[in-house]
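Next come two complexes built around subunit A: one with subunit B, the other with subunit C.
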Partner chain A sequence: MDGIHDLGGMHGFGRIEREANEPVFHQPWEARAFAHEFVIGANIDEGRHAIERLDPVTYLSASYYARWQLAHERLLIEKGVVDAAEIEARIARLKAEEA
Partner chain B sequence: MNEYRSHEPEIALRVKALEQLLVEKGLVEPAALDRLVDLYGTRIGPRNGARVVARAWTDAEFRTRLLADATAAVAELGYSGLQGEHVVAVENTARIHNVVVCTLCSCYPWPLLGLPPRWYKSPPYRSRVVREPRAVLAEFGLVVAPEVEIRVWDSSAEIRYLVVPMRPAGTEGLEAEALAALVTRDGMIGTAAV
Partner chain C sequence: MLTADRVDGVVFAGAPSERSPGDRKPRFAVGEAVCTRNRHPRGHTRLPRYARGRVGVIWRIHGCHVFPDSNAMGGGEDPQFLYGVRFSAAELWGEDAEAPGDSLCLDLWEPYLERP
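What follows is the complex of A and B.
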């Protein structure tokens, strides 16, 4: 299926930005989001498909592991493991604790 | 530029929230996550692929096996696992230069190279290297002579590629370990000569 993820040959994305001595993970949360991929009860094809189903604006504006996180949320909600309200409530609680 | 944004505070909280919920539901053990982070964050990286390349340079029979069935050949060295289920090795020669991309996402031979750098996963690399590989390689500092054919390999969910660079001139006396030290991650993606 054609989608925003099918980037081969597209124009307009500009220069390739490289980073010297790049760490494997740039933020601790990236490492956690990476690890979640293997424990959420979805196979890697489902995970990839969930990323491809993100809306194009989100796909292009979110960073790489942010896309993984958004895909994980979506898969877990679709599978009935968590619900969206539960996630938002927990985020609100964490925000309040940080404030 | 979003790929290079240094802060996504909301996302960090989203990740933490999801992990807490999964742990509380008994679906995930934090220690299992720690092990994955340690494995891919610190233990698996391009030194694995470099050992494969050095072996191919120094052992003609291994090189033949690697080019015929890379998955089996790298397993001889103990490299297998996630995202390495089907590996294909492509060899650079005086007439052919190979370069690897995953236009659809970020497929990459994890057991051999670890996790990919950001540029490999970025829209500019994914969109451009299939259309103008020579220009892209020049941006990486690799000028490929006009008479050399460039082959761009687009990874898929099933097949991962390893580029075997040409052995540098003047390294005839070196043993495999010293040769491996010369091989870079980018050389095995094909965006550097070695």
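What follows is the complex of A and C.
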């Protein structure tokens, strides 16, 4: 699809930032998002396409692994494993636990 | 689903996408010029927009691999030959290429390619 993900050759994004001694994961949740890729029951191409299908504003606003997480949520909903309300309820519960 | 005993292998080496071609042979040969199709599918593709309708040269045949355009859309693996294709910067970016003598290599599946 001709989506926002297909950035090759576009102007205006500035230089690529290179981080010295970049860690594999910047936050513990990123490692979990990575692990989910292998257990949600979607193949890697479905995972990539789910990222492409994020709406453009979300795509550009989200960090690398946030895109993975959002794509996984979408795939789990589309495959009927969970529904959107369950995800929202979990988010609300985790927020309440943090507060 | 990835089981615990396979985690190290898959995470460190990747999950192989190469498949047997059966009795099929690659349509294109190393050194041959090819033109990418100018296609704009609504589904998934690994052919970037900037490389559509461009002429490059096959520098490598990677073998027969799962076709993402099909596999992403629930169409099964539909393995296709995969080629390393070299494009000149001038071919991709025209007179605005910052270094027209540079080249860029893309791995492209056979259905993306035709004879120029």
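The rule is simple: the second predicted complex is superposed on the first by the 99 of 99 C-alpha atoms of A that agree within 3 Å, B and C clash if a C-alpha of one lies under 4 Å from a C-alpha of the other, contacts with A are read in each partner's own complex, and residues count from 1 in each chain.
Throughout what follows, a residue touches a chain if its C-beta (ideal position, glycine included) is under 8 Å from a C-beta of that chain, and two chains touch if they have at least 3 such contacts.
Model, not experiment: these values are computed from the prediction.
Annotation: superposed three-chain arrangement on subunit A; subunit B versus subunit C shows a clash. In the superposed model, A:46 lies in contact with subunit C only, and not with subunit B.
Once the two complexes are laid over each other on the shared chain, residue contacts for A:38 go to subunit B and to subunit C alike.
Between subunit B and subunit C, B contacts the larger number of subunit A residues.
Within the superposed three-chain model, A:8 lies in touch with subunit B and with subunit C [touch as defined at top]. Of the two partner chains placed by superposition, A:79 touches none, neither subunit B nor subunit C.
In the superposition on chain A, A:64 contacts subunit B only, with no contact to subunit C.
When both complexes are aligned on chain A by C-alpha atoms, subunit A residues 6, 8-9, 38-39, 41, 44-45, 48, 52 touch subunit B in the first and subunit C in the second.
Subunit A meets subunit C in the complex at residues 1-2, 6, 8-9, 38-39, 41, 43-46, 48-49, 52. Residues 1-6, 8, 10-22, 25, 27-28, 32-34, 36-37, 40-42, 45, 82, 101, 103-106, 114-115, 117-119, 121-128, 130-131, 136, 139-140, 154, 157 of subunit B are the ones touching subunit A in the complex. Subunit C contributes residues 1-2, 7, 10, 15, 40-45, 48-51, 66, 68, 71-74, 92-93 to its touches with subunit A in the complex.
Contacts from subunit A toward subunit B in the complex involve residues 5-11, 13-19, 22, 24-29, 31-36, 38-41, 44-45, 48, 51-52, 60-66, 69-70, 72-73, 76, 81-82, 86-87, 90-91, 93-95, 98.
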